[in-house]
Amino acid sequence: MIENHLYWGNGIDLDPRRISWKRAMDLNDRSLRRIITGLQDERDFTHETGFNITVASEVMAIFCLAENLADLRDRLGRIVVGKSRSGRDVTAADLKAHGSMAALLKDALAPNLVQSLEHTPALVHGGPFANIAHGCNSVIATKTALQLADYVVTEAGFGADLGAEKFFDIKCREAGLTPAASVVVATVRALKYHGGVSLKNLPKENPDAVERGFANLRRHLENLAKFGVPTVVAVNAFASDFPSERERLFSLCQGFGVPCVLATHWAEGGKGATDLATKVLETIAAETTSRFAPLYPLEMPLLEKLRTIAREIYRADDLEIDSSLVKELAALDATPVGRFPVCIAKTPYSFSADPENRGAATDFTLPVREIRVSAGAGFVVAITGDLMTMPGLPKHPAAETIDVDAEGNIVGLS
Amino acid sequence: MIENHLYWGNGIDLDPRRISWKRAMDLNDRSLRRIITGLQDERDFTHETGFNITVASEVMAIFCLAENLADLRDRLGRIVVGKSRSGRDVTAADLKAHGSMAALLKDALAPNLVQSLEHTPALVHGGPFANIAHGCNSVIATKTALQLADYVVTEAGFGADLGAEKFFDIKCREAGLTPAASVVVATVRALKYHGGVSLKNLPKENPDAVERGFANLRRHLENLAKFGVPTVVAVNAFASDFPSERERLFSLCQGFGVPCVLATHWAEGGKGATDLATKVLETIAAETTSRFAPLYPLEMPLLEKLRTIAREIYRADDLEIDSSLVKELAALDATPVGRFPVCIAKTPYSFSADPENRGAATDFTLPVREIRVSAGAGFVVAITGDLMTMPGLPKHPAAETIDVDAEGNIVGLS
Amino acid sequence: MIENHLYWGNGIDLDPRRISWKRAMDLNDRSLRRIITGLQDERDFTHETGFNITVASEVMAIFCLAENLADLRDRLGRIVVGKSRSGRDVTAADLKAHGSMAALLKDALAPNLVQSLEHTPALVHGGPFANIAHGCNSVIATKTALQLADYVVTEAGFGADLGAEKFFDIKCREAGLTPAASVVVATVRALKYHGGVSLKNLPKENPDAVERGFANLRRHLENLAKFGVPTVVAVNAFASDFPSERERLFSLCQGFGVPCVLATHWAEGGKGATDLATKVLETIAAETTSRFAPLYPLEMPLLEKLRTIAREIYRADDLEIDSSLVKELAALDATPVGRFPVCIAKTPYSFSADPENRGAATDFTLPVREIRVSAGAGFVVAITGDLMTMPGLPKHPAAETIDVDAEGNIVGLS
Amino acid sequence: MIENHLYWGNGIDLDPRRISWKRAMDLNDRSLRRIITGLQDERDFTHETGFNITVASEVMAIFCLAENLADLRDRLGRIVVGKSRSGRDVTAADLKAHGSMAALLKDALAPNLVQSLEHTPALVHGGPFANIAHGCNSVIATKTALQLADYVVTEAGFGADLGAEKFFDIKCREAGLTPAASVVVATVRALKYHGGVSLKNLPKENPDAVERGFANLRRHLENLAKFGVPTVVAVNAFASDFPSERERLFSLCQGFGVPCVLATHWAEGGKGATDLATKVLETIAAETTSRFAPLYPLEMPLLEKLRTIAREIYRADDLEIDSSLVKELAALDATPVGRFPVCIAKTPYSFSADPENRGAATDFTLPVREIRVSAGAGFVVAITGDLMTMPGLPKHPAAETIDVDAEGNIVGLS
């Protein structure tokens, strides 16, 4: 509808140089990441754009934060697709696209009830990216679940510095949710990796590396405490764990004062998570009042919001940010966008923006390279590294082996 | 899979300059007609390509000509996606893509049984373009129907010079079908238009224009006779037809010696087509033996096949074709492709390639601008004008009015 | 200046989709034929364009038709660089570019006096393409020469069907020149080629092939007679000519009634052309009055001008032209452009548009594919085939062998 | 020659995705900064590239560092134009382009002797960019001047943190030059600006701002001392300077212990620089031995070279550099490139990479965004911000006013 509007006279004076909205298609097609459209047609505008996969579209973030269909429609209408020549934001509502987008999503907005292998219910609903978006399932699914069950467990990926922070500061604040407890999932293997062990040496017994890598986990635990929510550590058991390593981890958690439970659900199903569940219920029961609070108030200027997360959660010395971006943020502060929470797109492999800086990184600054406003979703995204919003296929894609046999059966799927 | 193959080392030495295969997506998105993909990624190839809509993909043509799943898979594997650096055709089978393509289409290959408003059965199955492809529904659907019913009616669009010719010379020959009769649908309105009346003046009574426009219909009737199939003219009644105009048309058909029946099914449903059906059955019964034959033998050189259609069906003086294309066709004659039928992409608005040359065009040559081989479908396409294989939206697309109302109902669809 | 104007606000509302003006650079750089400029800069327009070599620019055609500096400036100002959004032509004058263009060309506009190897004076000045332009040297040079010498010889390439026709109908008419005689240069070798001999067999004696190929020369001679100018045939001697072949050619010319002279200037310099010069002077002296006249009047509609050249000079049966182009020409007829002469871009290898159709082609139509207005030069260009306005380098460009030696001398130039 | 090589079979297996060499053209044409070449020609490679202006080409840097024609030719041959598919560097010598490039530059390599307005000789020769290149005139010109005069003055722009550092560490080291003294040019106006005064308020008397801004000059003076070269401050007089401001500056320089001289050459010509020249000669005479030394040894790893400049000259806390670039530098250390000096492309407006961070910036890190090897010039470039290697025209380019008048004179040049 954007290019079509340009084609037919461009009544709202959209600037073809400043169209920021990309098409979305759910394929692994890296050649579509950056493309030029509209070659040599007398009335078509040639411009540089690209494709995102569906989950990287702001539509997915909006879908997951919408309270209901009317809210979804309004949010879709607020999506900024580009700028007019005079510099004004052009929205999906300006293009009259939001009504039909809402119509397309109408049925999808009802949460999807599925069952686990053990026939327990689960609502699977929405999956926004955890970098340029907030990475949690839909508000509607969570609220529906809260009305149906005594306890609701949800996941916020990836890495508590990203997943938990965004769950608390964006989703919970936006939806008025008050989480009663958090569970941090740790593995002996990952801690050893954070403790400096190379991938090749991970299979070797090394409880000291677990201890060194615990610095990473300890920081996550400290961070979660800042949101006023009690935490339980779930040790996701691997067959390759050594007893000495698990013991060391338990001992370190005990020393830090957080409960730590072995979870073997991967091998044993629900039975393997019973201890964990029991511990979480105990932890919730032990809290007399909810003390949950976001990390920063929405009244804080956007630059300070970013700095607060960078210092309090990532433990950066400061932001590294060009004065042009500082001005951009200050200009946004003077608009309603200034009251949006911020969503930092950062690698989950490190507290810093450098994926190879493992453990509990210190003595670094957080480089902010770009600011994007997700006006429909209602947050401001700060980009701190390379972003990938359209994946590519591996050297030998599964499509090479999938086939039909002589009887017409599909083969080669696994 | 094509660009991915290039990205991962290009083991089959595909020439990135000669990739002819385009992506397909079922949207009206004219900006995707001609695009450049793969901008500035260290390992990605930048190249010019585009999107087709689904029905314009050779996959659709293949789907409609395949005898069964195994044949579908083989044909998909024969699709030529480009050239190697040494000039060899590179096929979907070279990329190991045909198996998974067949797997994706496995369920779609079963014909779709629907019912008309009067609850009569219809098989709806496939819809290839009628310019770069043959424009008829699937062989599987037709053969299925032939096993289920006494009489099977199928449609071949658009214009008997394109639709009927391709149905007879491509689909019937390929599938071994022997049609018993053909029905040409005519309207008083279209004949007046072919008789030189402007769109504005079409509502005025003008039986003489019908007579002038009959030159167009007469040529279609002459053409159909060349395939050895008896023909009935169905006059598709319009409320705006004048009795004098219909009478003139009936009289002219009578003079030409073909039965002509008024059909009012648009207003009266099946009842309105009873006379037509009766006449068709009479016509079939009156034929003692099937005399159906294609226009040209497959042994004829490709250039002669094109010339035969141009002269016999379109009534062109000759082809207008560059010597480079003549050589290209001669080279193909030396390969199995030389035995393929030809599929001419021409405007349906005129017997000539000029859409404004109405009536029974004479004194023209047919310009052949490009030759394409659809190796999977099994025909050679000759392009005679501008082709549109990805439509655009109108100035006010329906999406602007589609919406959800306060109760969550979708509105604005009509 | 075009893109810069767009960048800085586009005050004259130039449509970035309809910029027709290309950059020019005097290099053999085929990769610059079709390019996309202005990728991803916030204020830059991305659009498809390309480079021409200098001689293919309308500036060169203008330069060669300008009477003086003021006329040059005015013509430069009339160059159409594109369309405004409202459909109006946007000119170089609209961009205020013509003054500085004229300033850049001020010194170049003075004809360049050089000398031949035998120290006779020659004015070398300008070199427009002979397809999209008129292919003759500058009006200023010709008029200067006419004031300095008793006889002025000029060249109009390539092929008399293109070069002579454009020289007469465009340059002579525009500049008020009255040529006294024309010389057609023929070679035995070329006539044998037109007589159907393959390149490989050209060295063999074959007077009959000369006779067959004479059909081509005869047609050129007939054509030149239509302009009312007496003609002399100059046989450009090749060492490989056989006496029997030259004799046949002389005999055929005599039979046709035109003088024919052997010219050996390639081997003997000016001395080798004395006979030719003498014959030309005799021919001029024999004419009592100048009967020169262009082929068509400027009042003729543009389509008729094209048809006249196609039929009278090329001997096509007719034009092959889409109705859209017919309308375009009719629209131009209603403007001052309708009084422009036409300049047909056609291959010089054949009277037809098919370079392989040798000899005196008959039974063909001339396909007109595109119309361009050169408003500054003052003619309408009709494109009849593929155009090449930016050459490429050969497999081993001279640059690979050019070098500097140890003494600093440039080597490898020949 | 690069694209032509690809076109004709690509014998050296150049990877079209990794061509780093750009065309150069001396125009202000921002639309050519980033382009896509080679659209849709059967044998041409489509790829993303761009144009530089001449001074931004590595050829200019090479030209200015070459000792003689043979050295020029060798260096041109070492230019890396891209990568082969196997990852090897492809050079201009691989393309056999260096010989003809040297031939083209043969005459240009002789320094250009001009005269000043006062008829004193000056050699003007070469002008490489001062960001991606070293920013000084040619080694040949400097060495020629040293043989012709007692004292040679040369300029190294812009900003002593860039210009002087590159002059010393790249040009002097490479050419074996030993500068006897350096002159830092300061203006009262610039110091006030560095002292925090806005552009609007610069005309107002403000000696305190001069004092604050002196922190910037002091740092430059400290930096120059690190190269072992005595320094004189030349105060470039502006009519708008207030006596109180100049006095403060003189007093501050005196306090720092460097001689400071008022220079009024802008108003008075050579006479206005006599005091400065006298002071420089005194300073040189006072030095008994040359103590010039580069800042870092060539044996130092590349990363350390960058860090040394960043800390010692710019006073950054450290580099901000991705681990991928660290690896890239380490890999280069293992090749002869590891012994190259480094050339940092940074804004001249600040010691930091942020142009708005005026005065004597502290508490910042230097972001290294990209590494490029100029193998022919012989240095490694580190990019720290946005680079502009092709300028654009202003809103009203001079071309709009340049014209020819009725007498044929060029007007509007000033």
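Read from first to last, the chains carry the letters A, B, C and D; within each, the first residue is number 1.
We adopt the following convention: a residue touches a chain if its C-beta (ideal position, glycine included) is under 8 Å from a C-beta of that chain, and two chains touch if they have at least 3 such contacts.
Computed from a predicted structure; not experimentally measured.
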{"item": "B-D against B-C, pair bridged by the larger set of C-beta contacts", "value": "B-D"}
{"item": "Most remote chain, CA-based centroid, reference being chain A", "value": "C"}
{"item": "Chain B and chain D: spacing of chain centres that average the CA atoms, whole Å", "value": "65"}
{"item": "Whole-Å gap between the CA centroids of chain B and chain C", "value": "44"}
{"item": "Chain A, residues touching no fewer than two other chains", "value": "36, 39-41, 44-45, 48"}
{"item": "Residues on chain B engaged by chain C in the complex (per definition of touch)", "value": "36, 39, 320, 322-323, 354-357, 365, 367"}
{"item": "Contact set on chain C toward chain A in their complex", "value": "16-18, 36, 39-48"}
{"item": "List of chain B residues in touch with chain A within their complex", "value": "1, 3-4, 7-9, 25, 29-41, 44-45, 48, 69-70, 73, 95-97, 99-100, 102-103, 106, 392-395, 397-404, 406, 408, 410, 412"}
